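Please go over the structures that come below.
Presented sequentially are two complexes of subunit A, the first with subunit B as partner and the second with subunit C.
Up next, the complex of A and B:
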């Protein structure tokens, strides 16, 4: 995996880091929506959108190229749009294995690739410049159901513990996976698959038991089904104002895209 | 006799499969006492501790905490008074940041934010982890996790602090510093379940021996822990004379 949750700097002192997480989340969502809704034929809009994202990266001291590279992580999902190449009506360009690629289809597919690359960069930039808990707090104060936020926070808390647990299981298997002096070791694939299945089941049981112990630890400290946290400071205009700048940029690009380049 | 803080009378508990875990357990702990709960694996020590703040509920028997009988209605009040530190700090520390975990108890007690902050600071100070509030729980060492786990309960300012196997998984230095830490809680009533006879001997004035769900002995630590025959009979080891 290229994008590792563990490499999370998040402790910078740039204006991007300092921006209120609620505002940052709203701006990021609006940027993503804006990018996705850009008319596909407005080709000059794409470099401008990228320039917008890249300048935010510069402000947040996240390397522009690093962000561009991280942004490719979601590209395999965009391949789901591959069929658009052949199914979108338009001028035929080429024929591959009996299927015809149309110009409109090519344009649509490429625009989806670019848009998903840009949108992924926005969300990665958000996660690189906002501590995870602030992000969860922002989600909650913006009205995401607390249960969902809670599940995500537990996921983040225990993913490492679970990973360690899986590592221990793997080590236990590896240290007993000796090869015989003569002949081939390792057992048959069906047997190996059974071992792997057993390990997954084991991990599941351990996690379930852990979740029960964690829940008991929460009950012991007075948990009653409702998560409480120290109230975040109210969002002031002064704190929210810098967040409007990228939105202005987005609006300018989108207006241009619709009025001039959408011909 | 000083004030009675915990009274347990005729407590029975059966596991869901019917195995008896606790049979007719009765004892009293007074304010300021430091009591060790010792016994072999599977004796029912953890099960007993989980009853003391109502995580497990038994069908028969009565538990009274500081004069308040433990019932469905008094549950939340009692949990504020009985601070339970679990054996594995990874179960106890479920938040991302240390601060959130230490603030969890006070927040659920409905304290105002300023008071919560004050208590978090105090609790971290008490366990010698000042300045750790912003750290990520997962990145702490075993000994540090233990300290934070204790802080998460101290911040609730419980009347009694209960620790389940506090020294398990700690290296000798971590264990030593834990013993010093617990010894520094001079006014705090303590109930410590442990296999660590030395720890019980150093910290507790009284021990309760639990075996097969029954109380096998209850008396001064200095007498019971040095009684080789008694200790051996219950799968334990006596502390050599010092």
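Up next, the complex of A and C:
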């Protein structure tokens, strides 16, 4: 995982940024559901779905190719599905090293790849155009328990602090470890695991101590178990309406896919 | 170990909608209980403590250690947090971590958060904690039982979570079970060793510097019969379901016919796991499944024997005249 939130600005003044986060979250989830539900054999639907995602990217000024590239992040997982090529019953297409690839297997594998790629792009688009705190607010309005949302907002608040803490630990380790330019470093791998474990134990102590300090500071400011926040404005039809457009596109594509291209 | 860790974070598109929905339902139910339990246990401290420790898990996953061949391992953390704070707290912490990984880093999909958090949060925490409590009980009074228990728990937590991942993929018909299950089991048997080592080292460090933090968890682990039962039930259910769950029975026969299959399947386009494909290429698929089943039967047998012994002892001491 890369710690690259900082170079992912989620602020902007496009219609996509301006869309109510609650609506945006619902639309994103429905888009992903739609993408996953697309029939495998409806091949013309895939470019259309991509066009839908890409047009949203254009509206949000994210960059269609950049989004397409970022969307490949989940593709290594396809290794898990690679076996479908050979195990799905169907007409034999080709033989690779004594193994037969069936047409149904190829279709299934490729459709999973494309669906995963498209769904990941939707998810990235959501995170690129919505500040994370807004996303958390949307989750709470949509019924996720407030305590869990608050825990997650504390995670978000302190993850950078603790990552800096972990950086200091790593720096300390690096400055005490010789790294030869050739060959391998010192110690066996289980010894290195011990060092890493000790660092993590240390980080745990620093984290618990910090949580005690934070709790004391919260008490000092009058915390009584309740978090008070300004209630989000009610979701009006006017604010939600633009979000219906991509859903309309999705419905058209899915209906076409089921009626015409599913033969 | 970077990529196999990814292999536990299921992206969107790999779980069918019914399977995703089931994952969400499971997670919602368990998180609701976890919220109530930790609230009782921690009171007002619940939010800052859980939140900052979730950030801790996030940051701890950044601390890697080089293993071999340019790969490096890092902690998953479910079992460590379960041992330190109890399994309910671990459920909340890990759910929060996995939700952020999914929403912010696309490390795992949005629809898949339900099962991703169930696998790496709930299952890793419950199974790992159950094994930890069980070992603590079996080795009662002996030194080192906590560290051994932590090692067993961390390994088993990772392994069962990996098996669950393979099952979910198979039920979604996005991987054939007869390959995915031994592959996941094989790779994560290795990852589990790294997880066990780091967990033990972290616990040993905390035991030395802040023994007071460990003491609480020891006390709660000693009365963890319920946890042992729940964790083992989960482990057993997942292991038993796996052979029954193959939605594509043709696959097994075909693979059995084609001996060279696995090597071919590991060819590029995605040559990302050159070091991790080795363990399960060398080991036979069937033997891995067998090993898993034997392992669980062994653990269950030990736990059953322990439970009977402790019941007998209790019964005997109760009937003795004072």
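Keep in mind that, in the parts below, the second predicted complex is superposed on the first by the 233 of 263 C-alpha atoms of A that agree within 3 Å, B and C clash if a C-alpha of one lies under 4 Å from a C-alpha of the other, contacts with A are read in each partner's own complex, and residues count from 1 in each chain.
What we mean here is this: a contact is a pair of C-beta atoms (placed from the backbone, for glycine too) under 8 Å apart; a residue touches a chain by one contact, two chains touch by 3 or more.
Because the structure is a prediction, the values reported are computed rather than measured.
Undergrad: Just checking: does A:89 make contact with subunit B only, subunit C only, both, or neither of them? Give me first, second, both or neither.
TA: second
Undergrad: Could you tell me if A:157 is touching subunit B, subunit C, both of them or neither one (first, second, both, neither)?
TA: both
Undergrad: What is the contact status of A:218 with respect to subunit B (first) and subunit C (second): first, second, both, or neither?
TA: both
Undergrad: Counting only touches as set out at the top, which of subunit B and subunit C does A:55 meet: first, second, both, neither?
TA: Once the two structures are laid over each other on A, A:55 reaches no partner at all.
Undergrad: Could you tell me if A:132 is touching subunit B, subunit C, both of them or neither one (first, second, both, neither)?
TA: A:132 sits against subunit B and subunit C alike.
Undergrad: Once the structures are superposed on A, label A:99 by its partner contacts, choosing first (subunit B), second (subunit C), both or neither.
TA: second
Undergrad: Between subunit B and subunit C, which makes contact with more of the residues in subunit A?
TA: Tallying touched residues of subunit A, the top partner is C.
Undergrad: If you stack the two complexes on chain A, which partner ends up touching A:229: first (subunit B), second (subunit C), both, or neither?
TA: first
Undergrad: Based on the superposed arrangement, let me know which partner A:189 touches: subunit B (first), subunit C (second), both, or neither?
TA: second
Undergrad: By the touch definition at the top of the document, which applies to A:203: first (subunit B), second (subunit C), both, or neither?
TA: It touches subunit C, and subunit B stays clear.
Undergrad: Residues of subunit A that sit at the subunit B interface in one complex and at the subunit C interface in the other, please.
TA: In the superposed arrangement, which is not itself an observed complex, subunit A uses residues 132, 153-154, 156-158, 161, 210, 214, 218-219, 223-224 for both subunit B and subunit C.
Undergrad: Show me the residue ranges of subunit A that touch subunit C in the complex, using the header's touch definition.
TA: 1-3, 5, 28-29, 32-33, 35-37, 70, 73-89, 96-99, 108, 112-113, 115-120, 123-124, 126-127, 132, 135, 145, 147-148, 150-159, 161-163, 165-166, 169-170, 185, 189-190, 192-205, 207-208, 210-211, 214-215, 218-219, 223-225, 227
Undergrad: Can you name the residues of subunit C that touch subunit A in the complex?
TA: Residues 3, 6-7, 9-17, 20, 31-32, 35, 39, 43-56, 58-68, 73-75, 80, 84, 92-93, 95-97, 99-107, 109-111, 166, 169, 173-176, 178-180, 183-184, 194, 197-206, 209-210, 213, 248, 250-251, 254-255, 258, 260-261, 263-265, 267, 270, 272-273.
Undergrad: Once bound in the complex, which stretches of subunit A touch subunit B?
TA: Against subunit B, subunit A makes touches at 132-133, 153-154, 156-158, 160-161, 210, 213-214, 216-224, 228-231.
Undergrad: In their complex, what parts of subunit B are in touch with subunit A?
TA: Where subunit B meets subunit A, its residues are 50, 53, 55, 76, 79-80, 82-84, 86, 88, 90-92, 94-97, 100, 103-105, 107-109, 113, 116-117, 137-138, 152-153, 156.
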